[in-house]
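Going in written order, the chains are labelled A, B and C, and every chain counts its residues from 1.
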């Protein structure tokens, strides 16, 4: 499965790719909001007016790809929470109007498969279409589904993405379980933070995946995942994925870690980078965009550019540089709350 | 490629708390739709629901989870059906915790059935409620993974009403790909103010028990439930009892409107055609169809049109939503299980509340109980908001 | 104080823009006799339900089904007529 096109809305200047030239947006906050394009320039007003943020971001990144590729035969999305802003608007209506006469738009737009449905409608794509809502592995699930579709010869071009929005809903609820930092953190200091909690991020990253293209950014080789593992299970999961692809640990020249500044969860990342892959270049990504359940979609966006040779931004995410190695195979390792753990393997 | 078999099923719905009870109700044309006893909403006096006849305390008792805090009704329903399925398939703890055993669930409501607590937590009104960690669609999946020590591939799907049908389809594909030996698939949804008010705001709920395929139908009846199937590859379940084979499956997107099917029924037709193509079967090999049949004016007429275009002669069909109501994400699995019950017993159950069927296509739903001794192949349809349409085909073993 | 028909029309148009979240359209831009569900505004079935909610919340007018709604929700004039006839 090869990435042949990609688009990202994030808290960095990724939509028009100024970020790739090294332009970095600094944050000193507990919440890193996205930088959005001017949607009205390319999303029909009649549709845009209904869209909550998640759907806007999903369509904002997906629609340009749909327009460039009129032969998409599958759409697969990963979003843990869907349209939360619309969800809470509808919820508030239920309580405030005591289950009386309520407006339906919020309900319809809050459903997690609204993005996949909207993109299918706008692109008139009647192929396979599904949405994964599996928390911190929703995007990994989407990738695996894509790999299976290609393996089974079921299609030749897939639109695949990860979306998550910040709204009062997830921020408040996640705050109640102490997910976030108590005070603002500079993103340049996030990875080295020694306090509990992380910062809240959001974003949408979309990819065109093809089976046998001539030109591409990167190859997605495989995906691995495990929930509630111990450290042995985690290593086993990683090794099984490598074995499946006839690889060893030494074949991984670069590991991209989901370090998020939460001191309580660093040990998993230390285990992978020091114990399992001590020779690899080590990169981060959450210092750019904060943490959210489908943020490995952004990690894939970064990795794809790195593997294509766009490395100007690498200083912003380099944690450990190992001598001599060129970046040709990247393993992304991430966990969410140390419960759901995922691996994504990419190569040049 | 490995054949995929169903080796266990577990179900809890308005027509029974287990498979035998569901079968008994279907056999006796006994609907489970009526006034809700446990669900709390302004609409419980005016609307009908397909409610599971157990309180949350009852569910905690039967699932041995009275000591656990923060379990939503969705999770409790899922616990019940999941335990039944793995018992039925006789899976031992080693098999459940194998890296080659997966679990794919689905839900639309998830923990949002605790609407009042969700409102309070989301708006930071009070101290965190006991449900503060349980709201997400994938949270019930986590509870089951933790409870049973599942280490293989796990996922949660939300494509509205086709969710658990898509879970079944993905599970079969994972086994055929060689990544898994076995996978438990299905979904759970409970009655919730969120969905009741959501569907009501779209004006697609009926005030009366739903009348699928009747010319006077005027909307759907909401239900709740959970259904799980244990799927195993042929080489894994050699000596096991097999209920059915997962023969084929197809998914398509209608690409027309967020909450209505196109008049041409592109999505439903393509889903059924792809399911048939996936197992290289002609349409006349289908002996029975468990329709999506929600009882809304739009769904039933477009689904019948889709039948007309897909089948030369429309096979016997019914909507078991006339028994259970629309169980949303769980409906794919609940109705797959009803189809398998039909298939294993070679029985066709009547579609209820259809006094005056739609007459456009020279076919009407099954009107009375019938034995069908040569029943071999059945189809089950699920069409959801966002245009997601899935069709599954099961065959007798 | 009762509203004049003109005041009511403008107020209704403001509500329409707000409830339907119409982008780049000012209330004054909506003409009184342009069909709401015609090609100018491109409203659809979800909007008709939103309009029913608008009439309930702002004018305490209850329309119980979309079919009845379609007869009333033709253009600003027909809606204002209905409000004036039925407002409590």
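In the analysis below, a residue touches a chain if its C-beta (ideal position, glycine included) is under 8 Å from a C-beta of that chain, and two chains touch if they have at least 3 such contacts.
Computed from a predicted model, the values in this text were never measured in an experiment.
With A-C and A-B as the two chain pairs, more C-beta contacts join A-B.
The most distant chain from chain A, with centres taken as the mean of CA atoms, is C. Centre to centre, using the average C-alpha position, chain A and chain C are separated by 42 Å.
Note: centroid distance chain A to chain B, computed from Cα atoms, is 30 Å. The multi-chain contact residues of chain C, meaning those touching 2 or more other chains, are 46, 49, 53. Counting partners per residue, chain A has 100-104, 108 as the residues that reach two or more other chains.
Of all residues in chain B, those that touch two or more other chains are 201-202, 257-259. Chain C makes touch with chain A in their complex at residues 19-24, 42, 46, 49-50, 52-53, 56-57, 62.
By the touch rule above, chain A contacts chain B in their complex via residues 75, 80-82, 87-88, 90-95, 98-104, 107-108, 111-114, 116-118, 120-121, 123-135, 137-138, 141, 144-145, 148, 151-152, 168-169, 172-173, 175-177, 225-229, 233, 236-237, 240, 339-340. On the side of chain A, the complex with chain C involves touching residues 40, 45-46, 48-50, 97, 100-105, 108. Chain C makes touch with chain B in their complex at residues 44-46, 49, 53, 65-66.
On the chain B side of its complex with chain A, the touching residues are 41-43, 99, 108, 112, 115-116, 118-119, 121-124, 128, 132-133, 135-139, 141-142, 145-146, 149-151, 153-160, 166, 170, 173-174, 176-177, 193-194, 196-198, 200-202, 251-259, 266-267, 270, 384-388.
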